[in-house]
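One chain, chain A, appears in both complexes that follow, with chain B as partner in the first and chain C in the second.
So, the complex of A and B:
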């Protein structure tokens, strides 16, 4: 490819990336050191915003909650995604309809899905799950005001929303596993479980890494589903980092954009730290593939 | 055959998924002209094509006025546009649009609670001159004088009153009649009624109040303090959150908790409405704009059973009722580039006599004598509520204080903080804001 062709094709992407990623990132870092109000230039405050964020117990609680939900959700996504993908990989005729139904939760706007999901646990709107618990003799569960039940609710909703993505990617990975390899395992006497643990999973390791990477990034940024699922998130300690940013920087007409930016910078550092092993793995694989 | 079947399955799945995507994307288009009234809107149009952007939250009480403005004032080269938005969104967008020398909106919906702060910060255009100019043509002097005062600050009018909302109590007349319960006039009577209803096995949580931790809870606390002739700050601006009245207000709120859904701090007004619709609560206190919904047969089979009354007092000795009076109106932002005369005419048209009449019973218009017991099912209760409400204290710090004390208030009501400790914390936080 000639240099001119390369730049012709690459320039639009560069412009979009620069406009939508680089400039906002630079501005976020700049604002994190400033006191900023809408419509007026910021004034330099040094590390004050970072000090405010790091000494606010609410920020610590938001980080802990976000990490806990991320860890639990990613593990569940990988396990359930793998199991369902394996099952769907075996069906042929009804696969499109099964996939179509499964994708419903993924294509729904997150907030809409979360509102509908919350109704399953809300007596004001039927509360089907509550009725089932009652039917089996269980006690009333305070899904929206008790920290642990509410955390479970958030995790289940996040899994419900993201499972189709994980399953689809893993299914694509499974379809790429050579039949010869599986057959060789069977000839060597591998049982089903052994075949999965020692043949299939190692073969799709890269795909599983990709699902983990994307899932971690997505769950760490969770925000809109909490509006419906955790109406008093802050007071029960179930606030995500992004919801915390929104609360301190924008909600109720607040204008603490500097503080919000500082929290975002800290979040970026946190995300990068968590993703280092996966990024290194991807680089290694890319290097090996050359 | 199998290939055809597979394709049919794939097509069905694609249609199902596509339909859902389109349904999701289609949620929330521009406000249509339903509930709109045709009124005259005689402004001098600019020569060039002009768009007037209106910011107003959607509710059954505000929509009739907004829709009338949009449909009646859009003509020729002038387009009046309004995008659907909820109240929280309006709060955020109001702050954003008023922050710089240029804004996104030309007419904004404001309410009495925020007028002092916005007026002090010179974010709104004073309307005295325009009011005088158009008073006769649009009968603006018929707009309630005290409501105009509620939208004024230091002698200047900053919003043209559209409608008022006040707390109204809705109750299940059938349940009350069956058990021989009288309409409660104090919190103690509410509790006694709740006990009787619970004891009769009618429902577990007869009282429903909007105490959402992220918004309504502050208004409810303020209403309880108002009942005791107090507010978060006094008229001279002194913070009064650790006074005996504040503590008594907190105590009275806590006394209602055993008779309310244990998750009440997650309930906003629509959820309280839902409790009433479902028959899981027998009495509720909300802003009057929510009352008409209760009377619609399309919303609940119990719609005929709901009756309305002024809200009760916190106790028998209280001077006022557990009440908040909020006036909604139209304001012109300081940074709009459009002709203020044109904008004011649009606002005046939207609150004209015809438009105001048409908004009943969904709204309680700001014009004198519009609402009666005959044309509004909750008309008498609303009028009684206004008469028993404490006159509002106009302070520019009230909005900020309300926001900042809210998390502490939630902890008190959740039982995680004692009343004394919580009151002390709220006092400290508010004093920091007042300075």
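So, the complex of A and C:
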């Protein structure tokens, strides 16, 4: 393909991405060094916004909460996703139905799922879960006003939302494991657990890495579900980074755009740092391919 | 054989697996406990949804009572009627659909040629694209949405369905072209050359040969872009006010208000859910293909 043809075909898409992704991003970086309000030009303040963000204990709590939820969610997603994919890999006839049901929580808007969760857990809305806990002899849990239970609620909801994604990708990986490899393991006398640990998991580690990568990225920027699940997020210390940005730079006429942008820039740096090993891997593969 | 070729063949095999019934080779029927566990899992995954369905069809005075009323109440659809009559839900639903359809169409019209061009180009560009797709997917949404808000106000297109639709096209574009590129890469280049020798121009070939061949791939990408737009809350929250509000934003504003309003939010959620659940079942093959294709190639 000639270079001119390439650019002709690629131009419309590039124009949209350049105009609507790159320009806003540049604006964010620029704002992060300014004291600025919507609709009016800002004035340069150097690193003041970054200093404000990094010394704000509320930002620190938001980062800690976000990282904790991310770590817990990713581990649970990998373990449950693997176990369920293994089980689904063994059924044949009922697979379309099971996959269809599993996909429901993935295709639902995140916010809708969170509202449904809040109805299950909130005592003001019936509190089914607490009634069940009491029935089995436990104590009533304050799912919305107590930091740790609220964090658990957020994790459970996030896992519920992302499990189908993790499971489907791991399932695709499992189906790519050559049957000969498993048979060889059986002949060598490997028990089920051993064959999972020493044969299957090492074979699909690329797929597991991909699930980890996407889950980390998606959980780090969580926002939608907290609107319904953690209405008092700020006061109980369960704010996510994005919720914090929202509350300083947009909600209820908030105007600290410089501070919000500085936090966005810091988040981008955090995410890029986490992505570096994966990016390196992709480039290595591309080089090896041709 | 290069690594890429290997992945391509694997992706094709995997894509067809979940829905076609394969002859069981070594596979025996799963033990009963596996089936039982999976059934329980399905029930658990659906339980928030089922509970919401029950709550919105109860009379408002018992819908949220504690302990919950499980039987002996009169089944009612008042919440749905009220939602329709006392709020602008119909408008919000139309907005949501318009945004989703428009952004899907634009995304495909600009994404297909771009993806095709990339699939016919050396792989380091593809690798760069993949990295960009990942990075843009990982971006904190507000880093893009807040400047978009400022710019859309300056341009006078704030709170229009078009501004939201085009914003979502851009946000989802890296994912769209990455997915489409993977499907194009599976079509042998010899086909392009044959068509070009027969006198097709590059564009004519794309239209007459590639797009018909790419049917399933385009459908897959289209379904994903549609779903992403349909689900979007954050961008819609920032870029809309009253006249182009979408259903997720409406649902959020109903929270923390009165119980009847909360029940209406539930009814709105149900109405929003039914079409996407239908998609989950009808278009399952494409959803699974899109997810596993991205993964296996990634």
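Simple rule for what comes next: the second predicted complex is superposed on the first by the 280 of 290 C-alpha atoms of A that agree within 3 Å, B and C clash if a C-alpha of one lies under 4 Å from a C-alpha of the other, contacts with A are read in each partner's own complex, and residues count from 1 in each chain.
Assume a contact is a pair of C-beta atoms (placed from the backbone, for glycine too) under 8 Å apart; a residue touches a chain by one contact, two chains touch by 3 or more.
Since the structure is predicted, the reported quantities are computational estimates derived from the model, not experimental observations.
Undergrad: By the touch definition at the top of the document, which applies to A:39: first (chain B), second (chain C), both, or neither?
TA: Both partners, chain B and chain C.
Undergrad: Applying the touch criterion given at the start, work out whether A:125 contacts chain B, chain C, both or neither, answering first, second, both or neither.
TA: both
Undergrad: Is A:142 touching anything from chain B or chain C once the two structures are fitted on A? First, second, both or neither.
TA: Only chain B; A:142 stays clear of chain C.
Undergrad: In the superposed arrangement, which partner chain does A:107 touch: chain B (first), chain C (second), both, or neither?
TA: both
Undergrad: In the overlaid three-chain picture, which partner chain does A:250 touch, first (chain B) or second (chain C), both, or neither?
TA: Once the two structures are laid over each other on A, A:250 reaches both partners.
Undergrad: Go through the superposed model and pick first if A:93 touches only chain B, second if only chain C, both, or neither.
TA: both
Undergrad: Pick one for A:84: touches chain B only (first), chain C only (second), both, or neither.
TA: second
Undergrad: Between chain B (first) and chain C (second), which, if any, makes contact with A:194: first, second, both or neither?
TA: neither
Undergrad: Have a look and say if chain B or chain C is in touch with more residues of chain A.
TA: The partner that reaches more residues of chain A in the superposed model: C.
Undergrad: Just chain B (first), just chain C (second), both, or neither: which does A:268 touch?
TA: Only chain C; A:268 stays clear of chain B.
Undergrad: Same chain A residues contacting chain B and chain C, which ones?
TA: Residues common to the chain A contacts of chain C and of chain B are 38-39, 93-94, 96, 99-101, 103-104, 107-109, 112, 123-125, 231, 250, listed in rising order.
Undergrad: Residues of chain A touching chain C in their complex?
TA: Checking each residue of chain A against chain C gives 1, 5-6, 9-10, 12-14, 16-17, 19-21, 23-25, 27-28, 31, 38-39, 84, 87-88, 90-96, 98-113, 115-117, 119-120, 123-128, 131, 160, 163-165, 168-169, 171-173, 175-176, 179, 183, 207, 210-211, 213-214, 217, 220-221, 223-224, 227-228, 231, 241-242, 245-246, 249-250, 257, 260-261, 264-265, 267-268, 271-272, 275, 278-279, 282-283, 285-290.
Undergrad: For chain C, which residues count as touching chain A in their complex?
TA: Interface residues on the chain C side: 2-4, 10, 13-14, 17-19, 21-22, 24-27, 30, 34-35, 37-38, 41-42, 45-49, 51-52, 55, 63-68, 109-111, 113-114, 116-118, 120-124, 126-127, 130-131, 134-151, 153-154, 166-167, 169-171, 173-174, 177, 202, 206, 227, 230-234, 238, 248, 251-252, 255-256, 262, 265-266, 269, 272-273, 276-277, 279-281, 284, 287-288, 291-292, 294-296, 298.
Undergrad: Over in the complex, which chain A residues touch chain B? Could you list them?
TA: By the definition above, chain A touches chain B via 37-40, 93-94, 96-97, 99-101, 103-104, 107-109, 112, 123-125, 140, 142-145, 231-232, 234-235, 250-255.
Undergrad: Where on chain B does chain A make contact in their complex?
TA: Residues 2, 5-6, 9-10, 12-14, 16-17, 20-21, 24, 27, 88, 91-92, 94-96, 99-101, 212-214, 261-263, 265-266, 268, 271, 274-275, 278, 280, 399, 403, 407, 410-411, 414.
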